[in-house]
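In what follows, chain A forms one complex with chain B and a second complex with chain C.
So, the complex of A and B:
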């Protein structure tokens, strides 16, 4: 083997090892800065208690609830929509439309989050305020609706990708046996593409949970515990963005590292869950 | 599945697609109607003569130009950092990694892909804090820090795109060059990568778009509302996404709000243009170089 090849292969390895180490390093870095919290035994108390700086409480429980409710509501709205969109692009759309639609969806993944939130802030929020929810119009429902629109293109691309990677011979066999495209989709493509679809779902939920701008601009950022969909709420991500300017050594400031760790751990949990689901025996076609 | 079920599924798909398209369409039309009237030279350059601003002779105070400049620099540095590492890691995963290390790496990169951008920004900020504590007066929040954090943010997209692309090469294509005596590295660079160039482009496109649009990361790592055109990587800077956010939270009059709408349009056009550019350049290249 030539020296050039060996160097290139070594570089490949170094890049992989470096990227992997960085992933761990981020967590350790957050842990290091949240260390004072652990030493005071305050980490779990912080997660369970409310946010009331006046009374000395810097808990992030309301933000945790806000994050979870917004993300899951968004997924509840966005997942069926995306699945339908992916079915449309792979199976039901007129042939000439399919490629253009997929390109359009790709383009939509690039629509900046802050642009969505800006448009929604001056269109959706007044609409909600005057017609549905009342109050300021800044609430969980609006944020979840916008998040659903935001994560849909990402999920559609993953779903379509997964469905398209099913060998075309399988689908041709369905056609040859007299099956319709819809039957090929439901009985052959879907069972085979399941891992890819889960992957897309993971990314969707991750994006919904981790999105900052939409919840920061549309959810209202109230620090009280939200009780319904029409309540204003603050997410973990928005909390980080809002508190960052504070004094570095204060307890208030350290709470954002707790937020960061929580978000990181939630992500890890998601990834592990999907991995476990992927271990289930897959249905073989036919 | 009976005929009725099929019909229902088709109807469901149609409705989903229409609903999504309509929602996005309405938002875009709304942006265009509010933003287009404010689209003029003053939006970009304020009161400064455009040529003086472009040549960096005079600073721009009331326009988008410094923010645009900052965003472009940010994207350039971030993508240049992330693409080589992402490609190399993807290649390693797809072509070299043994079963056990591959499992660990896959898990870690899934994890990396899920890390919210604000946490990446927080990590960047934390790095600055730690550096500041260790070496007093070290690197603070700045353009370079933001770019590195952004590169880290888009890394998993690039890795996954590369890995998935390479693993999707069909076995016959994969073995042909090897059978003719090509080395593994030659096979990768002359057969596998060109073969999947379209997929790889998809990954890079996603990365470019995310770098330009991300607000959360830069919010924590050095963007400010006013800094002028950055003349060094170690300075604070302005960026378009943050400009939009600032206006949405603290606009004082109608004029300023109009500028916000126009800035949102600019960012939208910028992202769309970056997408289309990458799209066509790559497609063109592929046809010119490899299918002649």
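So, the complex of A and C:
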């Protein structure tokens, strides 16, 4: 191996090792910064207690529930929407339209979330307020609906990619045997593409959980524990954004590090699941 | 429309096929007899497979494809218009089986592969499915070789076995016609001979249209031979039917 190749190899190794170390370092820093809060009653106490700084409670349980509710509701709405969109683009849309639709979806992934939030604030929130939920219209349902729109393009791209990896010969055989495109999709494409579809689903969930702007602007930011979809809620990310202006030495400020740890662990868990999915054998169709 | 020519399975009159702006088949007039093996020979790219795709209306899946003239297929005594892109094709394809150049077993067990067309057709009776799978595998002389391993992946079979499996899969719907697009070209000599033997048995009960490169094979099997050259179809002498 030439000296140049060795240097390049070393540089790549250092870049990879540096990235890995940086990720671990961020986690350790979060742990260190959240230490004073843990000393108050431990990590579990922190994620189980309410948020009431007046009474000395800095628990992030309502934010955790808010984040999970909004993210999973967004996934519940966004998943069928995305799967339908992916089916349409891969199987049912006229050929000339498929490419344009996919380009449009790709474009949507690049739209800043603040733009979605503004659109929701002026269109969706008044509609919900006047027709469905009453109150301010800033609630879990509104945020989840908008998040579903936000994560759908990412999921569609993953789903389309997974469906397109199915060998065309299989689908051609189904057509030749008198099968409809829908039968080819259900009996052949879906069972072969499900690991890719699940990957897209998990990444969509990660994106919904990690989004700040939409939940900050649309969910209402109430620190009380939400009881229904029409209640206002504060997410972990929105909490970080709102509390970051507080006194840096206060326990209130330090709670944002606990939020960071939870988001970090959640993302790590999703990445781990995506990795594990790749190792599962593919299910046989039919 | 009721068939007035019971001996004829397919009739083409002034039939042309366009792919985008280029005309691939030019003003073809021909008839394909029922329960005979008709072979189409010719060089690569001459339009043989394109013509085959007309017979099960597979061409309608290609947006750029356009057809002109008359192309009709007689199914159960009724003439079907093969030029109608919008006509429902699923029933037609269940009666016009297709075997491709390379064996294309689906990624599932041997049993499920053969039973798959029944699933597509909505047959749910397990006993009926088991009987028809066995019959189909017997017709293609595959039953003895696979009866102990019906649950194994069909892709683990040899090339020749895979091709016979694909023929068994097409036969399970009891088609009136079988289209064979160079079915032995991807196989070795022995496996190819097995397929030929199978086709000789099949032509008594089913109309076969075979696209082939091999003149010797065509001479051994065919009752009628057409030559395709640059999109033009010509009947060669010696109609053995």
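Just so we're on the same page, the second predicted complex is superposed on the first by the 265 of 286 C-alpha atoms of A that agree within 3 Å, B and C clash if a C-alpha of one lies under 4 Å from a C-alpha of the other, contacts with A are read in each partner's own complex, and residues count from 1 in each chain.
Rule of thumb we're sticking to: a residue touches a chain if its C-beta (ideal position, glycine included) is under 8 Å from a C-beta of that chain, and two chains touch if they have at least 3 such contacts.
Because the structure is predicted, anything quoted here is derived from the model rather than measured.
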item	value
Chain B versus chain C as contact partner of A:201, first or second or both or neither	neither
Partner chain(s) touched by A:116 [first = chain B, second = chain C, both, neither]	first
Which superposed partner A:183 touches (first chain B, second chain C, both, neither)	both
First (chain B), second (chain C), both or neither touched by A:128	neither
First (chain B), second (chain C), both or neither touched by A:20	first
First, second, both or neither for A:214, with chain B first and chain C second	neither
Interface residues of chain A shared between complexes with chain B and chain C	180, 183, 187
Chain B residues within the chain A interface of the complex	1, 5-6, 9-10, 12-17, 19-20, 23-24, 26-28, 30-31, 34, 84-86, 88-89, 91-93, 95-97, 104-105, 107-123, 125-127, 129-130, 152, 155, 159, 164, 168, 183-186, 202, 205-206, 209-210, 212-216, 219-220, 241, 244-245, 248-249, 260-261, 264, 267-268, 271-272, 274-276, 279
List of chain A residues in touch with chain B within their complex	1-2, 4-5, 8-9, 11-16, 18-20, 22-24, 26, 29-30, 32-33, 80-85, 87-89, 91-93, 101, 103, 106-123, 149, 152, 161, 165, 180, 182-183, 185-187, 202-203, 206, 209-213, 216-217, 237, 240-241, 244, 248, 256-257, 260, 263-264, 267-268, 270-271, 274-275
Residue ranges of chain A in contact with chain C within the complex	94-96, 169-170, 172-180, 183, 187-188, 192, 282, 284-286
Of all residues in chain C, those that touch chain A in their complex	56, 58, 61, 63, 89-94, 97-98, 100, 102, 104, 106-109, 112-113, 116-117, 119-121, 153, 166, 169-170, 173
